[in-house]
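Two complexes follow with chain A in common, the first pairing it with chain B and the second with chain C.
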Partner chain A sequence: MTGLNRRNLLASGAAALGGAGVGWGTRGLRGDHDGNGTNSASGTEPASTEPAADVVTGGDTIDFHGVHQAGIDTAAQAHLSLVGLDLLEGGGGEELGRMMRLLSDDASRFTSGRGALADTEPELAESPARLTVTFGFGPRVLRMLRPAYDPGLQELPAFPLDRLDPAWGQTDVVLQVCTDDPMTLSHVRRMLLKDAAPFATVRWVQDGFRRARGTEAAGTTMRNLMGQVDGTVNLPADDHADLLWSTGRASGFDGGTFMVVRRIEMDLVDWDRTDRVAREFSVGRKLADGAPLTGSAEHDEPDFEAVDAVGFPVIDPASHVARMRSADPAERFLRRGYNYTTPDGGAGLVFLAFAADVDRQFVPVQQRMDELDLLNEWVTTIGSAVYAVPPACVEGDFVGREMLGLPSPTTSGGDA
Partner chain B sequence: MKLNQTPTLRARTALVGGAAAVALLLSACGSDSSDDATGSSADASDTSDATDGTDAEAAALSVTDPWIKATDDDMTAMFGTIVNDTDADITVVGASSDAAGTVELHEVVTGDGGAMVMQPKEGGFTVPAGGTHELEAGGDHVMLMDLTGPLEAGQDVTVTLELADGSTQDVTAVVKPFTGADEEYAGGMDMGDEDMEHGDTDHGDHGDHDDMDHGDHSEDQ
Partner chain C sequence: MTGLNRRNLLASGAAALGGAGVGWGTRGLRGDHDGNGTNSASGTEPASTEPAADVVTGGDTIDFHGVHQAGIDTAAQAHLSLVGLDLLEGGGGEELGRMMRLLSDDASRFTSGRGALADTEPELAESPARLTVTFGFGPRVLRMLRPAYDPGLQELPAFPLDRLDPAWGQTDVVLQVCTDDPMTLSHVRRMLLKDAAPFATVRWVQDGFRRARGTEAAGTTMRNLMGQVDGTVNLPADDHADLLWSTGRASGFDGGTFMVVRRIEMDLVDWDRTDRVAREFSVGRKLADGAPLTGSAEHDEPDFEAVDAVGFPVIDPASHVARMRSADPAERFLRRGYNYTTPDGGAGLVFLAFAADVDRQFVPVQQRMDELDLLNEWVTTIGSAVYAVPPACVEGDFVGREMLGLPSPTTSGGDA
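Now for the complex of A and B:
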């Protein structure tokens, strides 16, 4: 089959190429909830054909409580289960509060390696493996419960290239469950959904994965299922607070953030027909190591002025790396995506972005991609949602209580 | 004959091995107490804070992780771990709650025909000095009957434990969705006409579950 070479691309022009998922990226930040440091064997030990039987990481924990919810600036775990819940008709703040009380208590116990209260299989919770459970709330919930409250949550504008399926659309509540262990993930999700069942229905579950823990050195930029190094440019770990965490915007929301979920489908059938040169051209980076076409290492700065022997830019202005580049340092956000596959051979990326101001930081980037990006030939966004992610709760409280304007749980007795 | 330690693990093992052994263990527990374990009506004596015991025994008794099975039927149960921090045994002899017309201390035993059934526990729950007593599905539990309304997931319910020395201890339990703990009440369907307080329909439901859930245990013997 014809390889899509760079001349073809140039000739066919940008018109055929629209925009979709912004996100080529997802290296987890190291931050408050970093969990990498505990395993000395993360890729730094000599290769061996023997399994490292002495390295057991299932006991590693990440605190559920704190200033920010865990699972945001936590170095990305190997597995994701993202669950979109819709509150039952007639349910209001009282019901949501009771649900969040149960789910927060579950998360608090699970993340410390204990079974939930009334856990039917507590043994399955004994290895949290850096488990995090992160809660977010959709625009309808805030409109319903606190119409005058404005932490900055609003639906994303329409992007013309999106092909949105409501089955993957906006929900009232999102649960982001991440851990390095799929057994733990399965049990935690099951128990959370048992406790959510009296209050909400599941609209979708988006499972995703990265490399297994220990397969690569911690901090290695992940690859997506198109084979690209995905996430080289991300919020820097040491300079991201103002871009990640909300401050002074709304009461009860300091230390919160917003989550953008984009389900990005990849056309691997057509990608298979695309030769390596065209693949690299579309992104502007080398497949081998993610280096810009003008550089030699992943983190080299792309040189957009460089031209080849016949005067064409080495990095095409329509390439992904060129289109995503912004002179505005505020147009950045934390990317934390996961790969997915479907039973029918489909593949894609559960693109997750966190930003203190979605309109300011994310939307302009997505609009640029929607207008023009060679990568759009192969990627299409089929699901989209945005959530307010409140700060963490203190022990005994539940996530979102202050933001949702709900009363404190009456935990006057026992240890419940 | 009082056991020194709540036989949680042994009871679990016995459940697998056979229902008869369970009944033996459970009935042995606290059986030397002369106190009546059958229910007491909801009263106004409960205090609002679980840390408020009314007497010396109560002050040293607590319940870790108390929870109640959500239901819109007229009966349910509370579970948790009763902890006795004193150097003397403490016996829980009764309980009450504003949420229930009747509260009883129950055990689970093998009923006629081999099915597991629950019944009031003679002598109540004795919590050994410095020890614990498990309240769990399939074992001892605090039974709440004639509920005054549905118990909904995530709400709190206060249950007042009455101790042998006459003191009381409030426990605030959270209501959890749970589909287990469907043992048949021996005072219910099996005793049909004698059951004046509880709806036969509800108990019939419990009985159905019971036959499904516990038939295997008796066959294991």
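Now for the complex of A and C:
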């Protein structure tokens, strides 16, 4: 696969380029770009304001077609809706193919700002706002359709600390819908699920969010809901296509990858009782800017040899940053997680990782965390799944066709 | 009350200024402002992009203090979290005062980009993104604390078509948290509810969304999830302070207003079965741009006298636009609703209206809708509440103190 576009991978790994603290203190950077001084920092006048005359970005598009599926090395949009689907009882390749043909056509239209063929509210589709729709397939689908085909998709091994709830478990198909606009998200999800309804049922929907587009400077590493800068070490910006995209492993899978979904619940009530020193000790990074405890900026290399005045390591070997670090450069993957909250006050992270080889790149890291990580006191994985994410399709084709061994689309077959 | 700022009211009623269709076709308007051509409309190259180098707006603030509470005539932010609280059994004025002192201090800090006094993740508070926190009080609170005080707060009359679920009913206190950033929303809500916990329980949380900031041109009227342009007729831009803000009605309430909350469920499954002609007939407006069926642009005045070739009215008298229209200019209010979805695929509108006199301005309109409106086929109100929204407080004071007849804050009293 030579389709790697260095700038694109760089974009998704932009964390590696954003300076620590760039996202903060932006008030100082912000010019009076609306030209009418609507933003009063203080004062006794009613301060209600109209928003600044922003650049309109709803029309920004990300191409659905290409070499790889979009939504992987795409700089993360503000909103996620991840939907786990199970094929209806008795459904096989033909049904799956019809569903994927419909959904691929929908996605192709939506991502370019057009309504679906059978769209009942096409006006809601006119602002894609960097919409991407990414499809993945669970192990059962490949076992059922192509038992001899092995692109490298295996269920994750058991991790003893997991407390898995089947309600968030492995499904046959996953749809990852991401966009900067929440209206677009809700409309696109609704239309996709209408078209999927004759073929599959929804097991779960995992919605998530990051900072809105424009809140922070592009490239600022996100924080999770524990307040930590989360994702500083991500797949580096260049020369690591081999860690992200599959090559030569199976026919029809070149340019594909694998998606790991882990739903990680946070115990914020207990976290709140933990003082900042203990928090930073557990993470191994400073909360203020994400700098390692041995450094002064987010992207400084942690110094695991450094000791304090009485000889203890500054970064505890059981801290998250120490446990996640590997001497093996292959133990890396692209992280693209989203925060979530629940109506009852719960919170957590929809951890999403993409890797060309899950067993080689992701599993050892997760095993180390499972064995020992001070952060485990406050985080529990309650859902887990893994999907084969085939390459993109060309226009008129559908995602996964080659991988699933299905025939080319014909002119027959209906829309929902 | 002379504090009305014409530009501000204009901002919230900005719908009246936005041209029809301004929000669409923005791709044409959008310059290549990122300077690197990342947005490919089509093509075979992988189109993953980094976001444009937007103006950073997370630092934009709206003053919590002033004459009126913010979040009313503030141009609607992208995200809403509306929280209904009930005071704990036995809680009276003293407890409510302590809670409001804490929450007002929190809100004052959060809206200026600072963490709360007891904030456990203050870094998450550093991008207010036009955050507003607005407080209202239900009828029971005034009856309990000041039975003789009458700013004009009454429960709404019964509307026969309502199918009210007490789970979404009247509460003692409401917090309206709005911001353009979903991370800020979740953090601020969590911290406010932590500080409220010793005094009150959460009855409901109603989250909602509009277009993200920047998706459309400022002033574009929002669409609801039925795809309709929703909110074209809003409180006009000038000379209607009397319809929004209370004056001379009760001591400590000048500059206050009332908030009506109606949770309106939409039957999108049935709506989807309805063709566009029938939809437009029911609404009385065109779906494409919100123009009345007798006009060509969103803000054209509907012509209720116009008839078609066979003599039938072009805008049916039972259509939504006809039923909502009143010859009485006092039957208007400021609408500030948000769309909602539920995990099971449900959808609707958190309808929020602000008016100086609910009985005079809102109730007749709602009664007309209840009596007859073709849209009722698809919408059902399942929650309803009304709140007195006092004026803003000055720095160091707390919202509602005068209205609730509570003593000035002293230096005693603790933080949560």
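Going forward, the second predicted complex is superposed on the first by the 358 of 416 C-alpha atoms of A that agree within 3 Å, B and C clash if a C-alpha of one lies under 4 Å from a C-alpha of the other, contacts with A are read in each partner's own complex, and residues count from 1 in each chain.
Here is the rule we go by: a residue touches a chain if its C-beta (ideal position, glycine included) is under 8 Å from a C-beta of that chain, and two chains touch if they have at least 3 such contacts.
Note that the structure is predicted; figures quoted are calculated from it, not measured.
With both structures placed on the common chain, the touch criterion links A:Glu265 to neither chain B nor chain C.
Once the two complexes are laid over each other on the shared chain, residue contacts for A:Asp316 go to neither chain B nor chain C. A count of residues in chain A touched by chain B and by chain C gives the higher number to C. Touch criterion met: A:Arg101 reaches chain B, while chain C stays clear of it.
Of the two partner chains, neither chain B nor chain C is touched by A:Asp370. When the shared chain is aligned, no partner comes close enough to touch A:Glu280: not chain B, not chain C. Contacts of A:Ser186 after superposition: chain C is touched, whereas chain B is not reached. Of the two partner chains, neither chain B nor chain C is touched by A:Asp162. Contacts of A:Pro198 after superposition: chain B is touched, whereas chain C is not reached. In the superposition on chain A, A:Thr120 contacts both chain B and chain C. Shared interface residues of chain A, touching chain B in one complex and chain C in the other, are 120, 194. Of all residues in chain A, only 97-99, 101-102, 105, 117-118, 120, 194-195, 197-199, 409-416 touch chain B in the complex they form. Across the complex, chain C meets chain A through its residues 3, 5, 7-8, 10-12, 14, 23-31, 33, 39-68, 70, 72-75, 78-79, 112-113, 120-124, 126-127, 129-130, 180-184, 186-187, 190, 193-194, 202, 205, 207, 209-219, 223, 225-227, 268, 271-272, 287-288, 339, 341, 343, 345, 347, 392, 394. Against chain A, the residues of chain B that register as touching in their complex are 48-51, 62-67, 69-70, 79-80, 152-156, 158, 170-174, 176-178, 180.
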